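Should a chain be cited, it is by its letter among A, B, C and D, assigned in written order, with residues numbered from 1 in that chain.
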Amino acid sequence: MKPDAPRSDVERVIETIEKLGYKPHELPGENRTAIGITGNPGAIDPAHFENMPGVADAIRVTKPYKLISKDLRPEKSIVKVGTAEIGGGELAIIAGPCAIENREQVFSVAKAVADSGAKFFRGGAFKPRTSPYAFQGMGEDGLKILADVRDEYDLSIVTEAMDERGVDLVEKYGDCIQIGARNMQNFSLLKYVGQTRKPVLLKRGLSATLDELLLAAEYIMAEGNYDVILCERGIRTFAAHARNTLDLSIVPAIHNVSHLPVIVDPSHGTGRNYMVNPMARAGVAVGADGLIIEVHSNPEQALCDGAQALTPVQYLALVQEVKAIHKALSPVVNNFESASVV
Amino acid sequence: MKPDAPRSDVERVIETIEKLGYKPHELPGENRTAIGITGNPGAIDPAHFENMPGVADAIRVTKPYKLISKDLRPEKSIVKVGTAEIGGGELAIIAGPCAIENREQVFSVAKAVADSGAKFFRGGAFKPRTSPYAFQGMGEDGLKILADVRDEYDLSIVTEAMDERGVDLVEKYGDCIQIGARNMQNFSLLKYVGQTRKPVLLKRGLSATLDELLLAAEYIMAEGNYDVILCERGIRTFAAHARNTLDLSIVPAIHNVSHLPVIVDPSHGTGRNYMVNPMARAGVAVGADGLIIEVHSNPEQALCDGAQALTPVQYLALVQEVKAIHKALSPVVNNFESASVV
Amino acid sequence: MKPDAPRSDVERVIETIEKLGYKPHELPGENRTAIGITGNPGAIDPAHFENMPGVADAIRVTKPYKLISKDLRPEKSIVKVGTAEIGGGELAIIAGPCAIENREQVFSVAKAVADSGAKFFRGGAFKPRTSPYAFQGMGEDGLKILADVRDEYDLSIVTEAMDERGVDLVEKYGDCIQIGARNMQNFSLLKYVGQTRKPVLLKRGLSATLDELLLAAEYIMAEGNYDVILCERGIRTFAAHARNTLDLSIVPAIHNVSHLPVIVDPSHGTGRNYMVNPMARAGVAVGADGLIIEVHSNPEQALCDGAQALTPVQYLALVQEVKAIHKALSPVVNNFESASVV
Amino acid sequence: MKPDAPRSDVERVIETIEKLGYKPHELPGENRTAIGITGNPGAIDPAHFENMPGVADAIRVTKPYKLISKDLRPEKSIVKVGTAEIGGGELAIIAGPCAIENREQVFSVAKAVADSGAKFFRGGAFKPRTSPYAFQGMGEDGLKILADVRDEYDLSIVTEAMDERGVDLVEKYGDCIQIGARNMQNFSLLKYVGQTRKPVLLKRGLSATLDELLLAAEYIMAEGNYDVILCERGIRTFAAHARNTLDLSIVPAIHNVSHLPVIVDPSHGTGRNYMVNPMARAGVAVGADGLIIEVHSNPEQALCDGAQALTPVQYLALVQEVKAIHKALSPVVNNFESASVV
């Protein structure tokens, strides 16, 4: 739509799309609003739209994805999560324990996270564990503790859901629904979170290609939920010095084709305590919009993933270092448009 | 339990386990019945059981998995699927189109499958597609067609479910619930099918290790459903001459530690029509208990995965060749016990 | 060239190619002789040749490889190695210890190999070891033992060379120069063996694509040595149940584009004693022209790769099983032309 | 040795090692000199040495590698290359074209490199190409051009050798012998460069594990050449958005166990022009001791790897950004000791 198109023009285009039997997707931007069309079995004649009032341009997106694409929305998306944002100029730091274990543990970590200036708190109440006999999470009781953390520290809550019941509960208690790597292509779950109105943090699957990750996001957006944040968390390779291989080159690759923000998880991405800080620095330097970090007050006794959790002291050192890098690069990476045309 | 233990002894052991607050799993074998215990937070003193009447031995399984293990059940499991079996001496052939497209297509393929002597028919009514805009399957209408195929040709029906609603429908219309590679670690779904009483065909995830596959089966069995068939369908590697890399060495690796039957999918495992037959032969030669093959009456017009589907004529050639290999090897691979001690 | 083209016609074409400043490669086949051209900076006008006497056809090969291609030579190559052949209808079995350790060890294994009916003996005198402190092989003394094995048992000798000095020695004492996986893209070495007149067994690199393997063979052939046998020996993936992932689908992929024979190495391809036999069976079933197998009279005391070596008794069982499969498939896999057009 | 041990004490220890039939390796450090022992078939009794004058401690290294290990030399190695250094506090930037094509091309790039403040120039005279028909490099003529660049711009020359003849020539004309990824396990070549006295830049193989890389360095050092610089240049994975997957986590992993410096190659590591700058930033942020960057005055006409080469303008922007990061992190990453104990 043209920058000065009145609301009535936008609505007329939306109505026209619906009359054709397709699904309209309104994506407002800083300067202009884009309207995506899905549900069409084949190409649509641009002539349907390009002469309508308020329409600036009718573009056919020939890539396998549409709504995630910069063709549709050239400006970067800024996703509102609780009271904070991901994708703007500020570096988003999401920190907290792997699993919610009990109130004391959670509050002790939450204090450190709040003190560091981070605005987001993470912690799992539903844990996808390789073994059925491992700790599976506290469930709704854990979510209640997270809600109390938000009230106490004004931290926005990011937490995982593994199924529809979990999504309903996270919607009730949390601020952002995390879809884990193992569920990245759980298409039924993607469609379900696409129908909620909470932002979604979508983690890349262990062997997902760039296109598969983007199309998983497209599944969510095609249902009408456009608040998607992508997350690189390491892929599975032959290399054994780290638990996974953190594939940082996907950050510029995503920024090259998509308007969605992308964050980096150096905790799962390495699985080694001593690598988390250097890889967090690298993640910020490569241009990620944020980090998600595991912090535990006593990593050796963590019920889950202790080998990769930072102590609060290590975490605070990390925050200082990544902020120094972010500041040094501000003229560069904040400018999304130019970054992608290097 | 001892081979001659009366039913009352078995039941007393089960009661004792339940009284301790744990979960008993009765796995009857040809010679003796094994009773697995799960739900115990730590090691259990074998003395609880080893002096009870009818108990032959109390073994502590120290591996991460229990119920899938040959430690618990040294004889191979034979899984009944509809009116046929997988895991016995006979080679199981499951064939049919990737997706159920319409009644004519399905019946024309089903006739070829029945004529070949195969006892199982496959076809997807719910399709996990990388893109939200690709054909997603016919849903319940497709399942009804499959049920008609069973009535007409006496073929047992194997078909995929992607979520709980799908599982309920497959239970109603089909004979075996397929869990696809992308859902291998959808733990909520695994628990759900663990509560059904239909056998489950569990496909290996694209980057799943042997232990992850076995523990996914353990998720199902820990809920009380012991009828699990594993399936190798190719892993994701750098190699690009095939769509996936069919990792046949997992077949002897599974037989080495587990009593569960395992089949091979050379169609998804290669993604190339001309490779399906040679890799099917290799799958039988390596000792797989069966094959799952995509057949389409007109591969070029298939709505899904046409590049790997065989024509009925190619499929019949494949059946002849794999039967010749199976026959040549019968003295070898039918003997599971010795095969695993090569 | 036409089937009935006299030698003088062939020579005139070769001269013409040389006059143009290019390099001719004469590849005689059962029915007709093909002459490949390399060294041309761009496309050559077919008109130069197609009207010359005896020329049947002038074909431009647009693939990155030429001499390995079925476009140039549609019939399968049969490579003569010592007194035996690889690539014809018979299954080639190359067996022996990983490393030559001493005369007694070698002769005891050689006897078992000869007794099995195999025609080729393997054993390394130069060992590429990951650590500089591991046993590096017996060198020329080991090669002399191998030459004695040939004299005693009429087995053709296949042994590895790691550098130019090694190639010279293997040419002197052995029948086939093996280029190991780690040297598959040691282009200087490939050119050097391309200038010898001994056949070359070229093993696929741990992360080599199909094209890279074929182009490594092309390096050898471009120097004038057309007797190349390819070998699949496992690739590096995330999977840890075997030492490598034996990628059998490359066998039909090679047969699909190249006339070169290809064998399978289930010993290095799995690294696990109990997997060698089943994967050897699979290699034969998929259509490989032969196998290379590690046999050691006392695997537990082997100086190298003991975990994957078979005892003589296990080896004899393997030979029986793979021969049964080869016989069952003879009508199929011996017919190379039709196999590749499945 | 003790910090104040006189030269005579050091020499007596070396003599003692030689008398025992082993090989001594003297590695002088800032505070004290370490003497490594190799060539011993088994463990050596520390009592041989610990009471000798000047000996501070006799440590048994139980890892598969010795000379590369921080157990032997806890201080970081600083490698002198021509007139400059790699591994000290300063960020080393090695830049230049992929292949030496002609004098004009090379000098135009060299000027940009010198202007940027970089101290090292790269460019290949011997090119390991996948195809035998691709441009193979200018050979000795190319090396002469590089020697002229050194004279003109005081840049230290880093250039690849692929075989012994190449090593001899690079020793004559260059300042640092590069061993390419495909030759990382060409053990004969490693031993040969171990006998030269020029520093070696050792690139990680496409599927090399951490241990394999370190042991390849150990091969060079075991021959007496201790000036080894490691280089991460991307590994082969399933991911296709970049040509390789740059595995930055190997940088802290190397620093954790080895005193050797390590640099990052974002050009080969991504193969995509637009990713080079962000991944170079990430490489510096993760703590690499330097970068190696491909620059071409006209990437579109490059004879080799044009898709990843930066223009001089892009290269200058990169240098500014990575210097900003290096400066922001100086308190952190310059302190090697503490970095490895995070």
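A few notes on this one:
Simple rule for what comes next: a residue touches a chain if its C-beta (ideal position, glycine included) is under 8 Å from a C-beta of that chain, and two chains touch if they have at least 3 such contacts.
Note that the coordinates shown come from a computational prediction; the quantities given were computed from them, not determined experimentally.
Path length between chain B and chain D in the chain contact graph, taken as the least number of steps between touching chains: 1. Annotation: A-D is the more contact-rich of the chain pairs A-D and C-D, by number of C-beta pairs in contact. Of all chains, the one whose Cα centroid sits at the greatest distance from that of chain C is A. Note: centroid distance chain A to chain C, computed from Cα atoms, is 50 Å. If each chain is reduced to the centroid of its CA atoms, chain C and chain D end up 35 Å from each other.
The set of chain C residues touching two or more other chains comprises 207, 236-238. With chains as nodes and touching pairs as edges, the resulting graph is complete, every pair of chains being joined. Every residue of chain A that touches chain D in the complex is listed here, in rising order: 207, 209-210, 235, 237-242, 245-253, 256, 269-270, 272-275, 277-279, 281-287, 314, 317, 321, 324-325, 327-329, 332, 339-342.
Contact residues on chain D toward chain C in their complex (touch as defined above): 38, 64-65, 128-133, 162-164, 166, 182-183, 185-189, 191, 206-207, 211-212, 215, 218-219, 222, 236.
Of all the residues in chain B, the ones that touch chain D in their complex are 236-238.
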